[in-house]
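Notes follow once the structure below has been shown.
Letters A, B, C and D name the chains as they come in the text, with residue numbers starting at 1 for each one.
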Amino acid sequence: MSIFVDSDTRLCVSGITGREGTFHAMNNRRYGTEVVAGVTPGKEGQDVEGVPVFNTFAKAVAETGANTAMVFVPPRFAADSILEAADAGISLVVCITEGIPAHDELRVYTHLQRSGDVRLVGPNCPGILSPGKANVGIIPASFFKEGNVGVVSRSGTLTYQIGNELAQRGFGNSSIVGIGGDPVPGSSFIDVIAEFEADPQTELIVMSGEIGGSAEEEAAEYIAANVSKPVVGYIAGFTAPPGKTMGHAGAIVSGSQGTAVAKAEALEAKGVRVGRTPTQVADIAVEILGG
Amino acid sequence: MSIFVDSDTRLCVSGITGREGTFHAMNNRRYGTEVVAGVTPGKEGQDVEGVPVFNTFAKAVAETGANTAMVFVPPRFAADSILEAADAGISLVVCITEGIPAHDELRVYTHLQRSGDVRLVGPNCPGILSPGKANVGIIPASFFKEGNVGVVSRSGTLTYQIGNELAQRGFGNSSIVGIGGDPVPGSSFIDVIAEFEADPQTELIVMSGEIGGSAEEEAAEYIAANVSKPVVGYIAGFTAPPGKTMGHAGAIVSGSQGTAVAKAEALEAKGVRVGRTPTQVADIAVEILGG
Amino acid sequence: MDLLEYQGKQLFARHGVPVPRGGYAATVEEALDVADGIGYPVVVKAQVQIGGRGKAGGIKVAQDRDEAREHCEAILGMDIRGLTVHELWLEEASDIASEYYASFVFDRSAKATLAMLSTKGGMDIEAVAEEDPTAIAKLHIDPLLGFQDFHARRLCFEAGVDADVVRGVTVLLGRLYEAYEQEEAMLVEVNPLIVTGDRQVAALDAKVTLDDNALFRHEENAEMRNVSAEDPQEVMAKERGLTYVKLDGDIGILGNGAGLVMSTLDVVAQAGGAPANFLDAGGGSKAEAITSAVEVILSDPKVKAVLFNIFGGITRCDEVARGLITAFEQIKPTVPFVVRLDGTNDKEGRALLAEANLANVHTVATMDEAASKVVEVAR
Amino acid sequence: MDLLEYQGKQLFARHGVPVPRGGYAATVEEALDVADGIGYPVVVKAQVQIGGRGKAGGIKVAQDRDEAREHCEAILGMDIRGLTVHELWLEEASDIASEYYASFVFDRSAKATLAMLSTKGGMDIEAVAEEDPTAIAKLHIDPLLGFQDFHARRLCFEAGVDADVVRGVTVLLGRLYEAYEQEEAMLVEVNPLIVTGDRQVAALDAKVTLDDNALFRHEENAEMRNVSAEDPQEVMAKERGLTYVKLDGDIGILGNGAGLVMSTLDVVAQAGGAPANFLDAGGGSKAEAITSAVEVILSDPKVKAVLFNIFGGITRCDEVARGLITAFEQIKPTVPFVVRLDGTNDKEGRALLAEANLANVHTVATMDEAASKVVEVAR
């Protein structure tokens, strides 16, 4: 087992004809992901190394049975592409694009929440890797192997760092999910942790957070109430410069939430052990699961 | 039993301090409806013949436990009032106001559909009467008594006419529901017929439609598939002037639907007997239920 | 409210929908000034609220000033299917490579806006819809999310829009939807939506129906109402807040509520009569409204008898009776009236009528009886 | 992007939010011209991106031209908490009866916009929030439905706005939300929102933060960026597409991805070092970006050593190595570099570095090792 992506994944890549889109689509395919289609308006009839390109998601889904979308288009087109994928019946949209306007994210998030069963992961995320099964996104898969640790992270590169530390101790992963650090991520720590809790292959959950927002604090509450599996936390940003507070209103909204210390304490208060460095996270994993 | 309004109804009237608002609120209260509050911004602290007035629905609901709203404000304020009532936790909103802009209705309808369990009846409707229990709206209650016929109608005065014809034959009503004839009614024939089907007191359902739209045709399909109780139909407008078609696009949308003949035939094709005059409707009811 | 072509184009232009350069004129001299400003060739277009202007000779291209004068003189005053042309729109001639069709219409059944696009524009789109429904790409719009670029692209690719103008049509559709939504239209229709020789897109015609109920928010649009083009009796009724539609028969009908009035027409027809009009006095009709309504009905000289069918809810029967009595005092009608009052305050209303003892007014108890009686007295 | 008060007020005015009449000036003479146009008394306001201008003497009322000159001369060039005043906004003096507070802010936790209104405006609203949280009425807005009149009324009545200005505040809030949403702001804040003696409402101050990611849709706003007010190194970094924040230490840090960079700062701090900066070269960094990044880091004279911590996903380690090599060729840095490359094309990257054999560059295998090493070489 694994979560979100596996051998049933049939991937359609939005922006497949762009340089980065082609590179990562092919990378995902080489890993074993079934890349069945691409979407680039006006380029229907072409193919990218054998993957057929369509003008619209509607047609791509109708012709290829795609069930998962990876969005790789520039920020000004990304919200539209996510909505198009959802409208066409795609059930999982993974958005890699960074720099999407915040109000776009808010509208897309709210619309998807209300109008059905579409899961969005990202935007501004590295994607999802289920080692040995499928890779959808830009996670460098060669560092990871199949195993029993589920990883969820707001940061891309930090995910690789932590995954790598675990790999060096001999741990593999059920799935690695980057949820992204944007103002309005489509999936939260809670959404992903709930899936790992339900996934029989996952025996330990690692969540990697960072300063800002309150997603880690909310996850701490959720874990205490709903999660039976051990969870190891990591928070980046203990020595980071204070973030931009958005006026006095921003300060009123966030209160004392959002610092690395507050987040680590919130997790520890709920029984989640928190590593202070990526290496410590791996050390704790060894303690819990055995070396 | 009855549907939508009964002795548990706790009514809050939006626009209670207006002339018509006061008149009908008091009329409803005299009938036995529990009128617990009114809303008129800026008039909190006043009362209308003992009914306390609040500035907002939020406060009215918090202070009085109102569960039903009747909206009586002018058209430019009506959509806002419906949304406010729903936002405050009201579960049934009956909107009497006529002349609400169509795009307002569309937004309100779509928002309410998505965001929870609020039922809207109307706008531009006479309201709901459950004889012997509660009257919410402008239906002249003295013509109706408790009984086993459920009536649902797009037209206000036609409802009274049909109800009256039935009353003259000795029939009473479980509930009489005016759904209104506006472009986007909050509740459809189908919504109301489903409730009558489930209501043990109702033994016969009368639906009174009119030309335009396709609500009657859709109801015919629904009745054939889901309704075990006898349904008698009426359609007004056999000799009406052809309605405004909205350009060629309007003609393409509606096709041959919408005429009185088409509606009556659609209902009869599904086994619903259709009276050609209000008197005939009552005659058919006598045949079905016994005189 | 239906707009004339030029009004629709001005509304489009406010939202950035490309339209050909043009100007309005009500006389030949004005028209020639406008044409000179535009340059030649110029298109002279009759402004009337009816289709088939082109076939009727209401649209002509003029190569020069003399030809323009000739066309303007021919078209101004022309009768097109019963409507006299009082207004002209002149615009630059377009170089047309393709003709598409685009519209947004308020779809009551779907409770959503329907968007349609076809590459078979410039002709009778209803015929296209019948002969080859797949030639029209359609989709419904979520009113809260709005019309998105992907909707436009999907319509373009499904309709088979030329690849090089997909971007242009997408932008045009986005702006057209903005016009539809922000102006609170029930319909915006562009036929043809043209692609020019240099691959630009523009709306060559404009059909716009605005929501009358929303005009209070759009002063600029409310002013566009073209009263002269409407039936004078209908205008009179509208000014008095009544809904009136003229019909061909001789029995004047008044009721309260559209459903009851329609039902009354049906029952009168079944009794062998021919209704002269549909008149809904509306909910909560006051005495004055009833008096006005009698005036409107009797302004039709064909009316031989009048039926009042009132079932009072929000309307009170005593108010109706008072209005009728005033109308008799003011207008002194000579035709017979049949009056049926039921509902709120019906006893008071009937008592008032009995007391007034109006000549030629018959009070009856039921709707069926009222229909038979009015047919009888109209003979 | 944070706007200055006058920029925020101009943005408000575009959406119909009432603001006092005023004008911009960068010199005393310009300011006096503006003041003459407005008339006296006039308010002279320093335009700097920091709170507490009033207390610092940056806001003064002038009764006449001489006084205006005096105030402008005093304020232009003034230092307010480290920022020099280069710009003035002059506006008509307002007759203030009450001071309210209003804001819309993008609330990440709630994934919705938060609206706030208080009648305790004109003072430190954070203090109000702490001392008496009930003094601030709050509610969240559904982004698809938008801010409705009933939201505004609810805020007004909960906050205790004077009954006679509820309508005015409702209208102002509606327009303020329109400005917030259509300009894609992360924050619009009005403190104080004033009620005048004749019971009009207006925004007397304006704090606006725009979404940098949305500026491509708002050219007019993008032009308002006040580069001179920003840290020159941060500007340099931003122009090169890098995210750079200056810190107090002496170890330059470069990484790819904000999380990894933050984690690197933490690990360096734990190893006893003091980071000189936060620099995220971003996903997919190309060689050029890396070269630019080195330039930005070394433009800080305090930097004694630099740590490169790269874990390649979309970023390819060979590109990073190439960028570093170019930087060495162009800039010839004199401080030691510690480089850790892992991930996509890491072998190729390490091979390139080995081949280039740059002076003073230490390649290490792990992040922990990198931290220890850079702290060591920085001594």
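The definition used in the following text is that a residue touches a chain if its C-beta (ideal position, glycine included) is under 8 Å from a C-beta of that chain, and two chains touch if they have at least 3 such contacts.
Only a predicted model underlies this, so the values are computations on that prediction, with no experimental measurement involved.
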Co-neighbours of chain D and chain A - touch as defined: B, C
Chain pair with more C-beta contacts, B-C versus A-C: B-C
Computed distance of Cα centres, chain D from chain C, in Å: 53
Separation of chain B from chain C, taking each centre as the mean of its C-alpha atoms, in whole Å: 27
Intercentroid distance (Cα basis), chain B paired with chain A, Å: 48
Multi-chain contact sites of chain A, meaning residues that touch two or more partners: 107, 111, 114-115
Where chain C touches two or more other chains at once, by residue number: 142, 144-145
Chain contact topology (line, ring, star, complete or other): complete
Interface residues, chain A side, partner chain D - complex: 20, 24, 75-76, 96, 98-104, 106-107, 109-111, 114, 126, 138-140, 143, 153-161, 164, 181, 183-184, 208, 210-215, 218, 234, 236-241, 246-254, 257, 260, 276-279
Residues of chain D that touch chain A when the two form their complex: 51, 103-109, 111-114, 116, 124-126, 129, 136, 142-144, 181, 184, 186-187, 189, 191, 207, 209, 211, 213-214, 216-217, 245, 247, 255-260, 262-263, 265-270, 275, 278, 282-284, 310-315, 342-344, 366-368
Chain B partner contacts - residues on chain D that touch it in the complex: 142, 144-145, 148-150, 153-154, 157, 163, 166
Residues of chain B defined as touching chain D within the complex: 41-42, 44, 55-59, 77, 80-81, 83-84, 87, 107, 111, 115
Chain B residues within the chain A interface of the complex: 114-115
